[in-house]
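Letters are used for the chains, namely A, B and C, taken in the order the chains are written, and counting of residues starts over at 1 for each.
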Amino acid sequence: MTDTTEARPDPLPSAAPPLSEPSSWHELHLTVNGRPIRAQVESRLLLSDFLRARLSLTGTHVGCEHGVCGACTVLVDGEPVRSCLTLAVACEGASLRTVESLADEEGQLTDVQRAFHEQHAMQCGFCTAGFVMSCTAMVEAPERPAEDEVADQLSGHLCRCTGYRNIRAAVEQVLDDRYGKAGEEK
Amino acid sequence: MTTQQAAPASAGTEQEAWIGRRLPRVEDDRLLRGNGRYADDLGLPGTLELAFLRSPHAHARITSLGTEAAARLPGVHAIWTGEDTAALPPLLNRAELAVPAGLQEALDPLVRALPMPLLAGEKVTFVGQPVALVAADSRYLAEDALELIDVEYEPLDVVVDPEAALRPDSPRVEESWDDNVALALDTTVGDPQAAFAEAACVVEEEFRAHRYVASPIEPRGITAAPGGYDGRLTVWSSHQTPHRVRDTVAGTLGLDPEQVRVIATDVGGGFGQKGVLYVEDLLVPFAAHRSGRPVSWREDRNENLTGTAHAREQTHRISLAADAEGRLLGLRDEILVNFGATTITGLVVPYNSLCHLLGPYRVPHVHIDVKAVLTNTTYTAPYRGAGRPEAVFAMERAMDRLAAKLGIEPAELRARNLIPPEAMPYRTGLVDRAGNPQEYDSGDFPELLRRAVDRIDVPAVRERQRAGEREGHRVGVGFAVYLEATGLGPFESARVQLRRNGRVGLYLGTPSQGQGHRTSMAQIAADALGVPPSVVDVVGGDTDAVPFGVGTIASRALVTAGNATHRAGRLLREKILNSASARLGTPADELTVVDGVVLPLKSADEGAGSEAPEGLPLAALVNSPMTVPDGLGADLSETAHFRPPGFTFAAGAHAVVVDVDTRTGEVEIERYVVVHDAGRIVNPMIAEAQVTGGVAQGIGGALYEEMAYGPDGQPVTTTYMDYLLPTSSEIPDLELDETHTHSTLNDLGVKGLGEGGAIAPQAVISNAVEDALRPYGAVVRRGPLTPHRVRALIRESAGERGEAERPAVPTA
Amino acid sequence: MKPAPFDYVAPGTLPEALRFLADEEREVKVLAGGQSLVPMLNMRLARPELLVDITRIPELRTLDVEGDGALRIGAGVRQAAVAVDPAVSAGWPLLTEAIGHIGHPQIRNRGTVCGSLVHHDPAAELPTAALALDARFDLSGPAGTRTVDADDFFLSTFLTALEADEIVTSVRFAAQPHRTGWSFEELARRRGDFAAIGVAVLLTRAEAGGVDRARVVFCAAGSRPLRLPEAEDALLAAEGPERLDDAFAAAGAAARARLDPPSDVHADAEWRREAAEILLVRACNRAWERTR
């Protein structure tokens, strides 16, 4: 990504964005991964498509477009949200984070990302960003989330490869590291 | 865990083997950063986005089709209909539809091939069939245009149920045929009639494997771009068999295959669904070719659930004959396969079912009859297991019915019938999928079962059953043992190349859809070459990287591409040693490669700690073409083919304990034990995860997933709200164990394991549920075992309660 | 799976929003969290021409306990915020429990309480809880405001008493009587799914020990949340704690006898009736334990 404050232009450089409803374009201002963005968007543009097609942030994946699979989960003002069930235009003024923002300036992965690697909690990698974003938000809580809360978060995501066992192990690893083992003080 | 064969076929015997280590995956880092490049992530400038108009009818004649209004919509660039594609050859999956000579000779099967028009012509035969294709500036606009296409349909009579499709008065899916039978064959071993006549005990049942689907989280995606600097057509596809895509695209468009490049880069899961050629695989490149622009199609979930291959739907009328001790004398099965609207993969699934029915058991007399019919439903094709889960469901259910009738513990009945390891290699009397006499190469099935039985602790479950659970609950235990013919041919190739920077490029025809080939194949190459795996860069699934390939399907990549890698690596090692020999003035047979350095054998034996021996780093070899002796050539690369001599058989035993809430019908898996054997394991971490993932899909099929149709041919589970993939909350932690009977059919001793986990779950869970419901006399004949279906089983059997109350526990 | 075109406005005040809704030329729909609406937009099952995003209207974003002790939840308030609100879990724990059954955290972070009520999926938890709690809906329209009781609000599947030019500005829940126990029980195919069958129960313990007041409302049993007076009567007939089990069983039997639920791919009617009985008895026991 460049550090301009503008969104990248549409992939069709010659023309203005294709119109279907001339009245329905809006100027949108938001922050994505710490970078202020100003962009023209059509009302119906889904946040998932805005991120992927307009900002080239293709680390956010789209698996069902009706809010079940969780692959498209991003953080909106710190909370995990389905980007396929969110209109880009409704994010005016919001601060968004996607998987591309996680590694630090030196390129070091976060503990959540490292745990997914170390526990082999991913195979094809398509659902991974969604899981990682939900877990990232979850481990920002001041106290260790209850077991049931963890299960609740995880069941908001579908994975077809892993059978979930290693995903649960990865989350457990991060929770133990951050908060101490369940029932113990760190 | 025991290894049952001593000498591993490792090449790098001088040093510690990389094969067998739990190396973390090299593919993870970029995927975790969001840097994966899936087929929909390319963002080529000027790309047109595609959308398909699909049939809303299960069976209808198209009486008119108007595209004028849609074409006038701003942002729409092109619309193609059946008229535009009528001149192109229709789709035929030639590789799958071919009948091997041996099979033709032995069984003379009826195999009809029904070519599929790229876009529907005069009529549609299933809901979801592509009727028109729109290219527009965005998918949004393309979908707007779909709504403006004016199609008139004249609905025709519909057939959905495969039994109904067999009736003489059934509507015919293909009007030029005189019935709906697309495939028919039967096979006999021994004298089943006599065996059944003499048997002390016969059971006969009908079991129905229900329709469910692969459902990778990434739906299919294809981007195609014409031209470029070399004038070729490049296709990025989420496909499991890029070389086949290349050849078929070229054939369809009338291009030389060398004019087409197919790249299957990051693929978000496949499970077989992306291993079959579909009309969309040809239509997307067609759109690029015709429009002269890059085009991109990303299937949405609704399209994936309705328009892309379904799987599994089969009915088995199965009978077993046994003597009084439960030893199997004969098996009869009539298999009916629902092909859906076309014959997309011909014999593959039905024949897989046939030749996996007997599984690990010795059955002397056999008659199997297989039919497949067309119906007005989405076509069915291989999905993880591809006919095996269906066969194992029928056989293992039948074994439990037999055990119940004889009053024998189900595990004991199985033990009495397993083929012992001393009998290997074992011939079943059947003909295998390649047309050869079916032969199990190796395996210790009794050991698999023994471990599963020990771990699950049958007496403890029986004691709980005697004592009774908390009110309204019953526990049950179930077993299933299965085999899997893995390592499908005909070949796979691998190219290894030593690069100037000292790294090794490994190029394969087998792309990865999450199986971790960049790690495991590098481990194989590392051992063959004498380099650390960290210097091996694996490229799978780019048709420019290797000229030929089959693909990653049928639990074959490790067996075929793995052994090709091993061979290519050994060949390159020879080349390296010869080259180094000239440089060092030492005979090649006195040199070796350790950690990427060519060393004299003597100093390598002395090991570390001694003075730095005179070594030649591999990079130095490539960097000095000027010094390469005449005739050897400067390029240090080798290509090798591996043609497996036969199928190598992986095997497994699953055991579960379930708790059934008899009042609500809810089934909870208390314990799930897997003991599997896939020969030598290259990366145990990856192998265990493959098994675990397969089991999870099987649990989905057993308890949650069903692709259901209404009688009008309308699919009713077309979203993720109705088609229920299990989440983390539904999948328990598995207890895994393994044995390693090495394959005798390849140098590495490996067997395939991608599908294995998915084969047994439906059988084993059904067996356990039936065991739990034993007091009711309920018989599980179909899945998925949803709460309402379990309750119906109990209700329907409750009439038998009282006088028909059976002993809760087998007596033997 | 992309929405058909529509226009979008995000007014900052209620009168402005109402002016947009009064548009007679176009089909207008209110957008709040979008967790029910956007899937329907993506599948083109809903085709509004104008969406009015009401989440920017400050007065709709408040949750408060009013002078009369009633809880008022504005139309812009997210489910996740209600689920963790201590005032709600102290005074209206049934609501907290019901929200816990909705989808997943990722959905509740965005979805609003009022949005789910107005969407009125009969298998959804919130309409059922609202009927059990005698919720009252505050509606604003061009003619002014009106209040509708929950029982009059839910008409049938996806249909409510809300007129096309009206907005639900808030939903109110009266303070619950002392010694009221609660339970929201459901059976869903998977964790987070809509209920295959579910029930909300409120029981108020009489001074003498019996049941003073009972509410039994089922979800996924028909085309709207179904209150079951026969079951409530059976519970009220309990004369003292020693007869409770019989009363709970009678209520369960009434549910099984009276309900006429639909059959679909997830469950058939017979199963729903059986499960309704089991769930109701379970819910009564839990609610009774909580009356202390």
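Couple of notes before you dig in:
As a working rule, a contact is a pair of C-beta atoms (placed from the backbone, for glycine too) under 8 Å apart; a residue touches a chain by one contact, two chains touch by 3 or more.
Being a predicted model, the structure only gives us computed values, none of them experimental.
Under the stated contact rule, the graph of chain-to-chain touches is complete, every pair of chains being in contact.
Ranking B-C and A-C by contacting C-beta pairs places A-C first.
Averaging C-alpha coordinates per chain places the centre of chain A 31 Å away from that of chain B.
Averaged C-alpha coordinates give centres for chain B and chain C that are 44 Å from one another. Centre-to-centre separation between chain A and chain C, using Cα means, comes to 30 Å. Within chain C, residues 1-5, 43, 190-192 each touch two or more of the remaining chains. For chain A, residues that reach two or more other chains under the stated contact definition are 20, 42, 44, 65-66, 151, 155-156. Along chain B, residues 140, 144, 300-301, 719, 721, 727, 729 each make contact with two or more other chains. In the complex of the two chains, the chain B residues touching chain C come out as 139-140, 143-144, 147, 300-302, 663-666, 704, 706, 708, 716-717, 719, 721-722, 724, 726-727, 729-730, 786-788, 791-792, 795.
Within the complex formed with chain B, the chain C residues making contact are 1-5, 43-44, 187, 189-194, 196, 265-268, 270-271, 274-275, 278.
Of all residues in chain B, only 24-25, 27-29, 31-38, 40-41, 43-47, 73-75, 136-138, 140-141, 144, 214-219, 266-269, 271, 298, 300-301, 513-516, 685-686, 689, 692-697, 719-721, 725, 727-729, 731, 733-734, 757 touch chain A in the complex they form.
Of all residues in chain A, only 11-13, 15, 18-20, 42, 44-45, 52-53, 56-66, 68-69, 71, 98-100, 102-103, 109, 113, 116-118, 120, 122-129, 132, 151, 154-168 touch chain B in the complex they form.
The touching residues of chain C, when paired with chain A in their complex, are 1-8, 10, 31, 34-35, 38-39, 41-43, 51, 53, 55, 80, 103-107, 109-110, 190-192.
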